[in-house]
Structures are given as C-alpha cells and as structure tokens.
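Presented sequentially are two complexes of subunit A, the first with subunit B as partner and the second with subunit C.
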Partner chain A sequence: MNGSAKARLSVFAGIILVLAAGALWAPYNPIEQHRDISNSPPSALHWFGTDDYGRDVFSRFLAGASWSVLSGVAATVVGLFLGWAAGGLVGFKGGKIDALFLRLGDLTLSLPWLYVVIGLRAILPLDLKPRAVLATMLLLLAFVSWARPARLVRGMVLNLSERGYVEAARAFGVPEWRIFVRHIFPGTLGVLAAQALVLFPRFVLAEVTLSFFGLGVSEPEPSWGAFIIALKQAYLLREQWWRLLPVLSMLPLFLSCAFAVRAVANAYRASR
Partner chain B sequence: MIFLLRKALISLIQFFVISIAVFLFFRLLPGDIYTVELENPQISKASLEGIREAHGLTQSWPRRYVNWLASSAKGDFGDSLAYGIPVRQLLAPRIRGTLEVAIPALLLSWALGLGGAISAGVFGIAPTIFEPGATAATIVPDVAAVSLILWAAVWLGISITGIWLPIAGLTFGLLPVVVFHSVRELRHAQKLEFVRIAESRGISGSRIWLQFVLRAALNPLVSLAGLSVAAAISSSFVVEVLTGWPGIGPLFLEAVQARDYSIVQTVLVMLAGVLIVSNFAAEIALYRLDPRIRLPHERFR
Partner chain C sequence: MCRVATWACSVLLLCPGGLTTAASLDTPRWGGVLHVAQRAEPKTFNPVIAVDAPSREVLRRLHADLITINRFTQKTEPGLAESWTRSGDGTRYTLKLRKGVRFSDGVPFTADDVVFSWSVYLDELVHSPQRDLLLIEDKPIRVSKLDSYTVEFTLPQPYAAAERVFDSVAMLPRHVLEPAWKAGKISSAWTVNTPASEIVGLGPFRLKQYRPGEAVVLERNPEYWQTAPGTSRNLPYLDGIEFRLLPDEGVQLARFVSGDIDVLNRLSMNAVSFLQRQGASVTDLGPGLEYNFLCFNLSPASPKIKWFSKREFRTALSLAADRESMARTVFLGRATPIWGHVSPGNRLWYSDRIAHPKRSVADAKQMLKAAGFLWNGKGQLIDGAQTPVEFSILVSTSSPERMQMATMLQADYAQLGIGVNIAPLEFRSLLDRVTNTRQFDTVLLGLGGGDADPNPELNVWLSSGGTHLWNPNQKQPATAWEAEIDQLMEKQMVTLNPSERRKQYERVQEIVAEQVPMIFLVTPNVVVAQRGNVGNFRPAVMDHFTLWNSSELYLRKGGSGQ
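For the complex of A and B:
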C-alpha cells in the first residue's frame, strides 16, 4: 500500500472517529430547547443555526452523527461476520450445503432490500426506545446484506484451498480447522476490508433513510434522517437556506469512504 | 432447453420459498385482528371464536397458506384493514404509478450510462472519463439527491408536480451503478485479444466498439440489468415518498405504519415475483446471447 492510499484511509478513519465521538464534543445539549431563538440563521454561537424549537442544529448534527456512524460500523461488523462465516464455511466444506447456500444467496440478492427492511420493521412495536430501534435495525440490515460478502469470501476460499501451500499443509497432516485458521482465513482479509468499505456507507445511508421515514431513531433524539425531512419542505428551503448545511456536512464522510475504497481496491490489485 | 427449464424451476421454487416466508412471518405475530376485540364487552368470547372460524382463522397454517395462494392467484388479495376496500383496488393504480416512473428511469439510466460509455469509446475517448462523476453521484444519499433536485426546481421556479421529477430522481440514483459496471466491463473487453487483433486489422473504431467490445462486454451487463430492476424498485420507494408520487412506496409506508398487513404481505410477495421474473428474463437473454451457457459440458475457456 503506497503513501497516498494510506493517507486516504487515515482521512477516512479520522472522519469516522470525529463523527463517532460527535455526541461528546457537541457544543450544546442537542435536545435542549430555546424557543426564543428558534429558526435563527447560522452565527458564531450556532454554526448551523437553530431549528423550530431553538435547538442547536450543529450539536444535533454531531449527536446524530454518533448514531449514524456507530450503527453503520456495528452493522458492517455484524453483516460481514455473518457473510464471512457463511461464505467461509460453505467454501471450505462444499458439497450440498454449497448449492443450497448459492440459491439462498440468489434469493436475498434479488430482494428489494428497502421494502424488506421496512416490512420487517412493521411487525416490531413502533414506540421502541432509540437504542432498541438501533439494535433491531442492525440485525435487519445484517440479515439482508450477508449475501454479497459471503459470495466473495466463498470464491476466495475456494481459490485459496487449491493453492500449493494448502495442499502441502494437508499432506503434512495439519488438521482442517488449523488449515482454515492459519492458511485460508488470512487470505480473505483483503476481501473483507474492501467489503467493509463498500458496506459501511450503505448502512449509514440505510440508517438515514429509515430515520427519514420515521422508522428509525425518533424525536427528540437527533438523527441524520431528520435533517433530510426538513429538505422535503421546498418552501422552507427558499426561506432558510442553512437547512442544507447539515446535509452538505454529511458528504465528506461518504466522499472519503469512496476514496478509501479506491485505495484499497488498487492496493489489492497491486498485491496480486 | 434443459438449462432454461432448470432455471424456471429454480425461479418457481424461489417464489414459493419467499411467499411462504412472508406468509409465516406475519402469522408468527401473537394474536390477530380480533385479539383487540377480546377487550370489547359487547362481543362474547364464543361469538368471537365464531367470527374467527368464519374467516378461516382457526385452520392450520398450511391450509391457510394454500387458501391465500389460491385466492391471490384469482386476483383476490383480501381487504385492506385500514381502508376497508380490496387490496387489489388500492394497489392497481399504485402499481401503474411505480411503473410510470421506474420503466422510463431504467431505460434512461441504461441509455445514458451504457450509451454514454460506448459513444465515448466510439469517439475515441476513454470511457473512464465518466468515473469521477459517477463516484460523486454515489456519495450523495438518494434521499438528499432528490431533495436537492427538488430544491433546485423550486429555486429555478420550475413546477415540481410533474412526472419528470421522480423520473429524474430515480435516474440519478440508478445511473452511477450502470456507469461503473459499463465502464469496467467495456474496459475489460477492450483488452481482449480478438479486439486487439481486429484493431490491428484496421477495422474502424465504431465497428470495433459496437461489434466486438460491446458484444464481449454484454454478458455481465445483462445479469446486472436483471438485478437493476431490484435497485430501481428500492430506490423508487425513496423517490416516490419524497416527491409525493402515488406509487407503491407511499402506500407501503402507510401500510407499515398502520400495520395493514394484508397490503404489506401482498406488496412483498408481488415485488419478489417481479424480481424473480426479471432475473429469469435476464437468464433467458443470456441464454440467447451466449452459446457457452447453453451446453455447460461443452464449455470452453
């Protein structure tokens, strides 16, 4: 991995850290209301202005960032782990379970994920606590997104199992689980890293989208989805342009992630 | 032919698995719509049981599944609990609404994405020129993108009630993926040996792109086209809700919030059906396009 790739990855990691810790360094209490200064434009005291209830939008942006980024990271970990475990297992074992796995993967890949997640959300109580919402959404998202990483890992494992050093290990009588842990698992890490960077922004976006539809984190807890609700009101935007600020401030996260994906993909290509 | 039959069988099994899963999912919930009535002092427990039985709610679930499937096949999806009218009446105009947006957007994004990449090649520009733009488009959240289009329209004083708005929003959501894959496949195909040989034989640029590169790159793109229907339906959800377009999305969202399960399950099964059919259509197209798929035992590499 060359210098520029490392730089891109560290920028991305830095942005994630800053946003994940957002709730800690928010200048004001994100749910405290000051009705006397509601809907005020950006100022030195309130960088992004204030909302209808006079709450500091910048603080709400940061606190919402913590929700979005942390849930994105957690969902990535869960989804990747499911995908990695499933793909690794069937790739290594093969046989009937492999065929079943492929069909199952086809099935989940061809579902319209948004409808599925929202449909699954339907059967849960609507007035859950924000934390409970977060946990359920994580599981729902991991459930619909295991297939793609699983397929990649499976292909990778199949490929690695045919390598000379694996056969050599087998010939020496190394137990199967040890072959998997020592010789095959390290080879799948590159795919996992790239997939993590591909999945992470999608999970954050999914969290934003669900909150936007009122099915995720709910008022008065701050969330990124809620900022986009404000954008729906076109007349409001004409009067209060600063409503765009929190939305624009989401972009560096996604931008740095896109750059990081490129960096990892190039490094991976170069290493082969 | 056996290949196609096998694929058709698999698609059919997929459909039944999904429909059973959806059906069971909503049956797993404790209670049914009459559970609330237990609190109602005007209805006795016995008469409630009578109502349950009359509606077939006391039967075993495989039986109820078969009944549900049979009536669905006849076009009777039950009544919406929230609206009190047949689901079919509610859904029909919404399906039309979604199709009016999704089909033009799909065609437009493929025409612009693949067409743009190919014509860049024909005019001697590397198709990779589109990649930065596509990257920029993927980092904007769908919901924010549509809002921005909306905002720009209001700012410019253009009417925001037309159908162009959801179509533009959906196209914006679909285009980047199409561009990425088109560019990647074209670039890959461009490096194949027979393309280089054709080049060295002095065949003109446009013929090379259309007859050699495009045809060699078509195979994965056809599969992607099948999958992009799923993407279109998911993104269309967001776009419809944001722009207030009367498609399936807003109805589904309302149904979820009102716990109108008959609508939710009908929509889920129906969409799964649409996607399975579109993937199957992609398989047929692949089968027609690529002789290697027809006879797997004679496959060469």
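For the complex of A and C:
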C-alpha cells in the first residue's frame, strides 16, 4: 500500500474517531428545548442554528454522529462475522450444505429490507427505549446483510483450499480446524476488510433512512436522518438555507469512505 | 344509529365574511379549465363504495344530492329536491323533486332513481360507507314514491339532524346501474378503468378522461340543471376542471407559483409562509373543526390503567401540556389551543363554558402529589409501589405536525418527572393497535367531523362505539360519567328543539373536559390559496374546502386554462 492510500485510510479513520466521539464535543445538551429561540439562523452561539424546538443543531449533529457511526460499526462487525462464519464453513466443508447456503443467500439478497424493518417496527413493544429500537433494527439489518460477504468469503476459501501449501498440510496430517485457522482464515482477511469499507457506509445510511421514515432513533434522541427530513420541504431552503448545514457536514464521512475503498482496491490490484 | 368515525382532517367552518367581496362584484366569465392540485389518485369512480378522499373529491363534482349543506353558511339548502316538509312528529319527510332534471346522458331524473339509490345504499351486501348514515338506532330510513316527482322518507324515530343526512348521498342513475345491482356486481361497477362515457351523474361536471399518475379531467355537464343567476344559461361557468395528481407538496407549490395550478387546498403552515413570501393570494379561514388530542388507553387490560384511571393524573398531564407553544411552533401561530373537542371554529356548537386552565407545572405536580404520586432521588415520578411513571405516545409517521406535538409533550412531561417514549408507526399499524389490538398506552390523533353537527361523531362519544377511543365497544358504560354522556348523546339525537339540543351537547362537552379521557391540544387553521384568477371563490372549512361551489366558480382572464 502506497503513502497516498495510507493517507486516505488515515483520514477516514480519523473522521470516524472524531464523529464517534461527537457527543463529547457537543457544546450544548442536544435534547434541551428552548422554544423561545426556535428556528434561529446560525450565530456565534449556535453554529448551525436551532431547530423547531430551539435545540442547538450543531450539538444534535455531533451527538447524532456518535450514534450513526457507532451503530454503523456495530452492524458492520455483526454482519461481517456472520458472513465470514457462514462463508468459511460452507466453503471449507462443501457438499449439500453448500447448495443450501447458496439458495439461502439468494433468498436473503432478495429481501426488501426496508419493508422487513417497517414490519418489524410495527410488532415491537412500544416501551422499548429509542436506542433499543434502533439497535434491534440494525441487528436485523446485519442479519440480512450476511449473504454478500459470505459469498465472497466462500469463494476465497474454495480458492485457498486448493493451494499447494494447504494440500501439503493435509498430506502431513494436520487437523482440518488447524488448516483453516492457520492457512485459510488469514487469506480471507483482505476480503473482510474491503467488505467492511463497503458495508459501513451502507449501515450508516440505513440508520439515516430509517430515521428519515420515522422508524429509527425517535425523539428526543438526535439522529442524522432527522436532518434529511427537512429536505422533504425543499422550498423551505430558500429562506432557511442553514437547514442544509448538517446534511452537507455528513459528506466528509461518506467521501472519505469512498476514497478509502478506492485506495484499498488500487492496493489490491497492484499486489496482483 | 348514525355511525361515522371520520379520521382526521375533514373539517368544517365558515370562512370570515367578505373575503371575496371583490370577486363577487365581477361579471362571471364563461369557459376555461380550472387546474387543481390533488395529492393522490382516485381509487374508484363509484360513489356507492368510495371511501378515500381523492375519489370523493372528484365524485362530488360528478354527482348531486337531494338536500345539500351549503359549506359557506353551514345550513341545508335545496339540491335535487326543490322543497320538503316534515310531519308534526318529525318522523316523515316529503320531498318534492325538481322537474326537468336530466342525467348527463340525457335521461330524466325521477322518484324511481331516488328509490333505487336508497335501495343500493341500504343493501347490506353492497357494504356502502353511506349505509350507516342512513340508519337510526340500527333501523333504516325508508323511502317510498308518492308520484314521479314526490318521495316520502320515513324515519324509525325523530332525528334532530335528519335533513343533513341527505347531503353527500349521490343520486344514482337507475337505468345504468340497476342491472349491475341486480347481478350483485354494483361494487365492481364504475372503476377507474371504466370508459368515461359510461359514468353518468347529475353533478355540474362529467368525467372526460383519467390519465393515471397524471390527471383526472372533468368537462362541463351540458344537462346540469342549475341556471346561472340572472340568465337562462345552465351552469357551470367553467368548461372543465383538471385535477393534477401531485403527491408532493413542494411540487404543488412550484407548479402553483409557475402558474400551472390555480387552486391549492389545505396548505401546511410552512407552505403558507413560503407562498406569502412569493406574494400569492392565501386565505386563512381561521380554526377548522379538526381537533388534535392525546388519548389515554382506559381499557381494563391497559398495562398503565392504574395510573391512567386516576382523573387527577390525566388532569395533571393536561395542565402540563404547553398548548400555546404547540400552536406557535408547530403551526407557526396558525392554530388555536383547545380544552374541549368542539373547536372555536364550530360556531354552531362551540361552548365557551369549557374551562381554559393556564399551563402550570407547579399545579400539575400538586395534583399528582394529591393523587398519591411522589418523586424519587433522580426526580422521576413514582407511584405508591415505587414504580417510575413511564408511558409511550403512539404517533403516525405520516403526520409531521403530530410528531412535533408528541416531541413537545415529551419535554413537557419530563418536567413532571415522567418518561415518555415516542413510538412512531405507519398509520395503518397505528389504527390497528388503537381500534383492534389495543396495544398502546396513549395515542396522538386528530379527528374532525365532515359536518359541524354532533351526530356524525356519535360513534366516538357513545361508550358502545367502535371509535370510543379510550375504551371502545363497551357492553355497559364503564363509568358513571360515560353513562351520562351516553344518555345525553342519545337524547340530543332525537331532540328537535335546537336550544334544548344545544344544552344537552354542551353538557357532553363539559363532562369530557372535566374527565379528560383525551387531552385536547390544538385546532389548526384551514388555509387555502388561489392565483387570484378564480371568481366566486368562497372557500369554506368543510371538505372540499375550495371546490364545494364548483358550478359557480369561473376563471378571470389570464387563468391557467386560458
């Protein structure tokens, strides 16, 4: 990996760290209402202005960022683990379980996840705290997202299983589990890293989408999706242009992620 | 009994007088097509089964009723019946039909069509939403033909609002629909795929074309029976109306500003501010009939019933709700705080005897203390068993205003130490929980009668009603105050003396306000807009706010249809 790629990855990691700790930087309590200053424009006191209830939008942006980034990371970890476990197992063992896995993967990939989540929200107990609701949703998303990384891992495991050093290990009588851990698992890490960079922004966007539809983090907790809702009434932006500020401020995360993915892809091509 | 539970948003109120004085001085101009924005597609062109607002808005222009409610004066006036008389005991109405009236296909309208229409609406197999309107105490209003132009309606008992029942019951062409009804297929007649020429009515317009996803186009009905004042020429003034299907309010506004749309119906408050800045002609009709409220689940199986059943608890929550802020913040000042279910916009039935207690968190806390609640070290409100008081507010994801109100209540109740979870749900899921499964703590909803009269909301206030939201379908009234409401509502239904009836319904309002099964919050204003090119424009708060007098509307020079 060259210096430019490392720099891109570092920027991405830095942005994630800053945003994950966003709630710590928030200048005001993000849920405290001051109804006498609702919908104020940006000022020295309130950099992004205030919302309909007089809450500081910049504080809500930062606090919402923590939740979006951390939930994105958590869902990515769960999704990748499930995908790696399933793909690794069927790739290494093969047989009937492999065919079943492929069909199950097709089924999962064809699920309209948004509708699944909407349906699930309708049957959840209402007493759940807003974050518990969102955590449930994101776990569900992670469960329905296992198929793509699992297929990639399966392909990689099949490929690695036929390598000479694996055949040699088998000839020397090394136990299967040890072959998997020592010779095959390390070979799948590159795929997992690349998938992590692909899945992470998807999960962050999933949280934003759910909140946009009113199904994610509910009030009074801050959420990035709530800022997008303002864009539904685009005509408002002519007068209240500052409603765009939090939305524009999300861009660095997604752009840096895109650059990081490009850097990893280039590094992979160069290594071949 | 009349059963109508109208969910949200259909509202009725007089608009302030003199709004269109200048318009009424113009000489009406013939011709042109009026362009109106509509949010959703019509589901059917069959008035017998239409329940959705978009279908009904189109159908109201295609059909006519015997007696109609003038949306501006709120009083009944002749429609297809030119006059009527009531028997001394109030159980028989004799209606004289207009002679010479023809359907849009040229066939004369007679008493046979009235008898046929009534039979269709009352047919249990048809499942018409109008059927419940035509029942009093579960017994139907019967009709008989006295001669070709005279019909007699017999009521099972006196009914205070009998004349209003005829409004919005479209008269059907027997010669077209009888075969379908006899074959048991009337529900599948006149779908959105039916050729426009087969749809026949008595309204000022007839269907010309339906372009799915784009527009519903109506053209002048050449057989329409009403004549223009001072002429012998038949109304309507307009050549047609085009309902342009624009689901997004932002797009509607852009098209309105660019001149593609002449009339906008029921605007959001943000849209009002935007249009005012653009210099558009916006009419604020003042408070409508819609009332927004937080309803407690008082069903015996409600998990929070031990708190909610205490009147002091409910009253304390009402005291802590900041209605003024809601009106100011959520509706940008275009709403009125309310403490009862009849909005100040309902001039016929609003009672100024309902108390308007000032918001006071201190008084609310005092009341909770008196009811046996305490606060723990963390400032949480706890009951006698040391359980922290927490509940959820169910709210529809499709209503940003109610989401905002719920958020404000959440902050208001946090000041009492009460934890509130907001549970946003898709509207159908929400309705299922409220009316069927009863799996909710509280719900934030809006209701509003299509009519100012109390009777369409009988089902909400009677304890046996399916939309008696806090505890529906009771076999016997669960409380003494609900029993009293039942008695009063049943009495007012048959009381023909208006002042007696008013007293009875005022008492109902007082009981509801005292017992607080619902916390009434705000009534939003009804605001509409037109480009300034529509003559005889007399918007009213009753649905359809702007097109109720479509036969009289005309376009001044320079309209989009020119």
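Heads up, the rule we're going with is that the second predicted complex is superposed on the first by the 269 of 272 C-alpha atoms of A that agree within 3 Å, B and C clash if a C-alpha of one lies under 4 Å from a C-alpha of the other, contacts with A are read in each partner's own complex, and residues count from 1 in each chain.
To be clear about the criterion, a contact is a pair of C-beta atoms (placed from the backbone, for glycine too) under 8 Å apart; a residue touches a chain by one contact, two chains touch by 3 or more.
Since the model is a prediction, treat every value here as computed from it, not as a measurement.
After overlaying the two complexes on the shared chain, residue contacts for A:L255 are found with subunit B alone; subunit C is out of touch. Contacts of A:L109 after superposition: subunit B is touched, whereas subunit C is not reached. When the two complexes are overlaid on their common chain A, residue A:L245 makes contact with neither subunit B nor subunit C. Applying the stated contact rule after C-alpha superposition, one finds that A:G214 touches each of subunit B and subunit C. Once the two complexes are laid over each other on the shared chain, residue contacts for A:A23 go to neither subunit B nor subunit C.
Of the two partner chains placed around the shared chain by superposition, neither subunit B nor subunit C is touched by A:L158.
When the shared chain is aligned, subunit C comes close enough to touch A:D52, but subunit B does not. Once the two complexes are overlaid on the shared chain, A:R121 sits against subunit B and subunit C alike.
Considering which of subunit B and subunit C touches more of subunit A, the answer is B. By the touch criterion defined above, A:Y235 reaches both subunit B and subunit C.
Where the contact sets of subunit A with subunit B and with subunit C meet, they give residues 118, 121-122, 126, 213-215, 232, 234-235, 238. The touching residues of subunit B, counted against subunit A in their complex, run 10, 13-14, 17-18, 25-26, 28-29, 135, 138-144, 147-148, 150-151, 153-155, 160, 227, 230, 233-235, 237-238, 241-242, 252-253, 255-257, 259, 261, 264, 267-268, 271-272, 275-276, 279.
By the touch criterion stated above, subunit C contacts subunit A in their complex at residues 249-250, 253-254, 268, 270-271, 273-274, 277, 322, 325, 328-330, 390, 392, 394, 397, 400, 403-404, 406-408, 410-411, 421-426, 429, 439-441.
Only residues 33, 35, 38, 52-53, 118, 121-122, 126-130, 213-215, 218-220, 229, 232-236, 238-239 of subunit A touch subunit C when the two sit together in their complex.
By the touch criterion stated above, subunit A contacts subunit B in their complex at residues 103, 106-107, 109-116, 118-123, 126, 201, 205, 208-209, 212-215, 225, 228, 231-232, 234-235, 237-238, 244, 247, 250-251, 254-255, 257-258, 262.
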